[in-house]
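What follows is a set of structures for review.
Presented sequentially are two complexes of chain A, the first with chain B as partner and the second with chain C.
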Partner chain A sequence: MRAICGTEDASDVTVSVLLEGNGIVVNLKSKNKPLFGRLIEAAVKESCLEMNVENATIDVNDFGALDFVIKARTKTAIREALKQVNA
Partner chain B sequence: MKKHLRRTMLFCPANKPKHLFTSMIYEPDCIIFDLEDAVPFNEKGAARDLLVEALKVVDYGKVEIFARINALYTDFGADDVRALVPAGLRRLRLPMCESASDVKELDALLTEVENEHKIEAGSVKIQCAIETPKGVVNSLEIALASKRVTSISFGAEDFTRTLGTDRTKAGSELFLARSTVALNANIAEVDAIDTVYADVEDEEGFIKEVESAKNLGFAGKSCIHPSQVELVHKIYTPNQKDIEASIKIIEAAKNADIGKGGVIVVDGKMIDIPVIAKAERILELAVGAGIQIGGAGNYEFK
Partner chain C sequence: MVTGLHTSGLRGKIGRAQATENILGKPVVFRTHGGRARAIEAGEVKIDIAFIGASACDPMGNMNGVDGKSAFGSMGYPMVDAMYADKVVVITDHICPFPLSKIAIPMQYVDYIVEVESIGDTALIATGATRVTKNPTDLLIAKRAAEVLIASGYIKEGYSFQAGSGGASLAVCKYLKAYMSENNIVGSFAAGGVTGYLVELLEQGYFKALLDTQTFDVAAVDSIRDNINHIEMSVSMYANPHNKACSAHQLDVMILSATEIDKQFNINSLTGSTGVIMGALGGAPDTAAGAKLTVVVAPTMRKRIPIVVEEVTNIVTPGDTVDVLVTERGISVNPKRQDIQVMLDQAGIKTISIDDHLELVEKLTGKPEQIQYTDEIVGVIEYRDGTVMDLIYKTQTHQARRSFD
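On to the complex of A and B.
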């Protein structure tokens, strides 16, 4: 089951987490992908590392979110996904 | 040491990312990121995560940052504290305080979290929100319940709801409660912060309420819209005439050495310790408001 967090408002991002797969796979949609794609992906992966998640498929739809927002949304989605797994 | 001014406390919902990095541009003295009433139940965790990550990286400059946490009797209050304090937050607003035990419960939790994360003991401060008739009656014991308490705030919306009455423009239903909170804050030597004014369009009504708050002894006002910040600062900022008179009083008092008692005359008026204290407060507000007073940036305030 996927867990989703965030909104499509400006300066926000939606992050959808599925705790399956091999390693961390990030599928990113963002107008800023050519400029900031690598940084957005790094923020998502850093959050996974902080939460000890090694395998996940993560869809990220960015609407101009800052780094800290991406991290927060990713952590919330991971937390919700873990709840579903442990339920 | 300069006392921190708390003329304005701007509420911002913590579940809106944009507010977390733009609200300081309105230059309030304090921002209260709200995890309580402004955040729906299903967004409590997400809002907390946003605020935690913002606290780690956003530079709020001189603005004093608070979070209004959820009450400790809810499923969210303790988690708010355990997440926000390690992330760097040092000011919490505790909603619905009704007795000293509410404050002591938070005090104990903070002591535990400070120990666990090797944070200086007692460095996290509390603002107690007084929002019910019981809270108003107990506001002195609430303000004195912990050394962490630096301010108590009055919340009129929940107060009138609990009392079973309506909030009116005249505000007579709030007079006793507001006066009691301001008096008890003064006795406990903490700041009193007045309630929000919900009608953002009614500038005239807002100004009247801020003026009355200042006259009752409130140190500041809770604001729910950025447009209210400047209006409050204007009312709480002393005018040039008052500043000049205050400088004269303080200089004369210094020269006459009446710090421990006695009376002098300045411009035909009797000046004693309470008048000097008022003059100091005026200069404190002026300096806090960024007014340059010839060399008075160095005034020592209590």
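On to the complex of A and C.
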């Protein structure tokens, strides 16, 4: 089951989390990838660590979000995904 | 077939393709508005044929841009071309009897007239009057910039003013108006690309004249045709640094926007942070050099891309000619302008150093990765006097970037 959080507005990001797979896989789409790809990926992985998620496939469609937005969206998506798993 | 380009700027697909693939196989030469006029008049650039669109023309070739169904306003740019090209071809959709009453470019320069059905869709060139931004960040920046201008002492009887296009620039006037009317201040002239908003200021008596090289909307087209104080000027009269005089050098206050500004106050308005060509030089280097006070208004970031940076991707307007930066997060004065710093301190306006400004921004955006460039030159940025200001190199990482568009 997938859980999605965020919007496609400028400076926002959509994060889609699937709690499956081996380790954390981040698929990033962003115009800012050449400038901030590594930081965006790090923010997503950090959120996983903070939420104790070890295995997930995460699609990130970024529209110029700052790190705190990326982390908030990722954590909310993870929380929703966890709810679905536990339901 | 196009084999080379001399221009003020490049946008969209062409700018991207030149920056990432060098489609022309040689560098594009970028010039300021004043630099363009200077290069043509000095013979550095030879025009064999100039094709000039005119909204009205008489059978001998006298032309203007204010009469006819396709009226567009000032002919400031082609004025120089017509004088220096070997052959001049006018393209018009409105032939009037000789002599045309209002003449922008006179017949002695004209070789041929071509009549066409329509020279363009005016609805696409201009719709109504340009409105001032409603974006709250831009308005905040504009308000602070107006406070800086007032505190600096330059807003006084007879002062002159120009603002570039872009979010906050034009809105600065909105906040100056109240101060001007309270203190009975009337400016001598406002200049630049003229919009309906500047026309309102002229008509309401805030400025005595408008100097217009390029008319931006229908309201301004009507004004330049009907109002004797709305004056058409050539791009040479506007900004050619080698002229005996030019209007850019008569400016007290210039408001500029920026794609990037760095710790040395250098401005980039041509290339994006990823190395793609996506903007223009315009009249920024000309007016910054000429104005007594040059203020940059810009947000600190756009979609995470920082505007206040360590070092600009390319230098378009040198920091020596830039005095103050106003963003939504603070005001920084170029250390070379201690006089302005003192005025702002006395007025109780809080300022921060440009280094602190940068730190504030980087804390939020993070430090961007370095874009890799090849050693292939795809663009030459000329300063207004014809010296080389900077070079644009072909990017190396374009494959990755293009797949994410």
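Everything that follows uses one rule, which is that the second predicted complex is superposed on the first by the 87 of 87 C-alpha atoms of A that agree within 3 Å, B and C clash if a C-alpha of one lies under 4 Å from a C-alpha of the other, contacts with A are read in each partner's own complex, and residues count from 1 in each chain.
Basically, contacts are C-beta pairs under 8 Å (C-beta built on N, C-alpha and C of every residue); 3 or more make two chains touch, one makes a residue touch a chain.
Here the structure is a predicted model, which means the values were calculated and not measured.
K.L.:
Here chain A is shared; do chain B and chain C fit on it together or clash?
P.N.:
fit
K.L.:
Let me test your reading of the model: by the given contact rule, A:Ala10 touches which partner, first (chain B), second (chain C), both or neither?
P.N.:
In the superposition, A:Ala10 touches chain B and chain C alike.
K.L.:
Quick check on the superposed pair: does A:Arg38 touch chain B, chain C, both, or neither? Answer first, second, both or neither.
P.N.:
The second partner, chain C, only.
K.L.:
Taking CA centres after the superposition, what's the angle at chain A between the directions to chain B and chain C, given in steps of 10 degrees?
P.N.:
70
K.L.:
So, A:Lys29: does it touch chain B (first), chain C (second), both, or neither?
P.N.:
second
K.L.:
If you stack the two complexes on chain A, which partner ends up touching A:Leu66: first (chain B), second (chain C), both, or neither?
P.N.:
In the superposition, A:Leu66 touches chain B and chain C alike.
K.L.:
If you take every C-alpha pair with one atom in chain B and one in chain C, what is the shortest distance in Å after superposing?
P.N.:
It is 5 Å, taken between the nearest C-alpha atoms.
K.L.:
If I apply the document's touch criterion, which positions on chain A are contacted by chain B in one structure and by chain C in the other?
P.N.:
Of chain A, residues 10-11, 65-67 contact chain B in one complex and chain C in the other.
K.L.:
Which residues, counting only chain C, touch chain A once they are in their complex?
P.N.:
Spelled out, the residues of chain C in touch with chain A are 273-274, 302-305, 364-366, 368-369, 371, 397, 400-401, 404-405.
K.L.:
Help me check something: in the complex, which residues belonging to chain B touch chain A?
P.N.:
Contact set of chain B toward chain A: 16-18, 20-21, 45-46, 49-50, 52-54, 56-58.
K.L.:
Mind pulling up the chain A residues that touch chain C in the complex?
P.N.:
Answer in residue numbers: 10-11, 29-39, 63-67.
K.L.:
Sort out for me which residues of chain A touch chain B in the complex.
P.N.:
Touching chain B from chain A are residues 5-6, 9-12, 65-69, 71-73, 75-76, 79-80.
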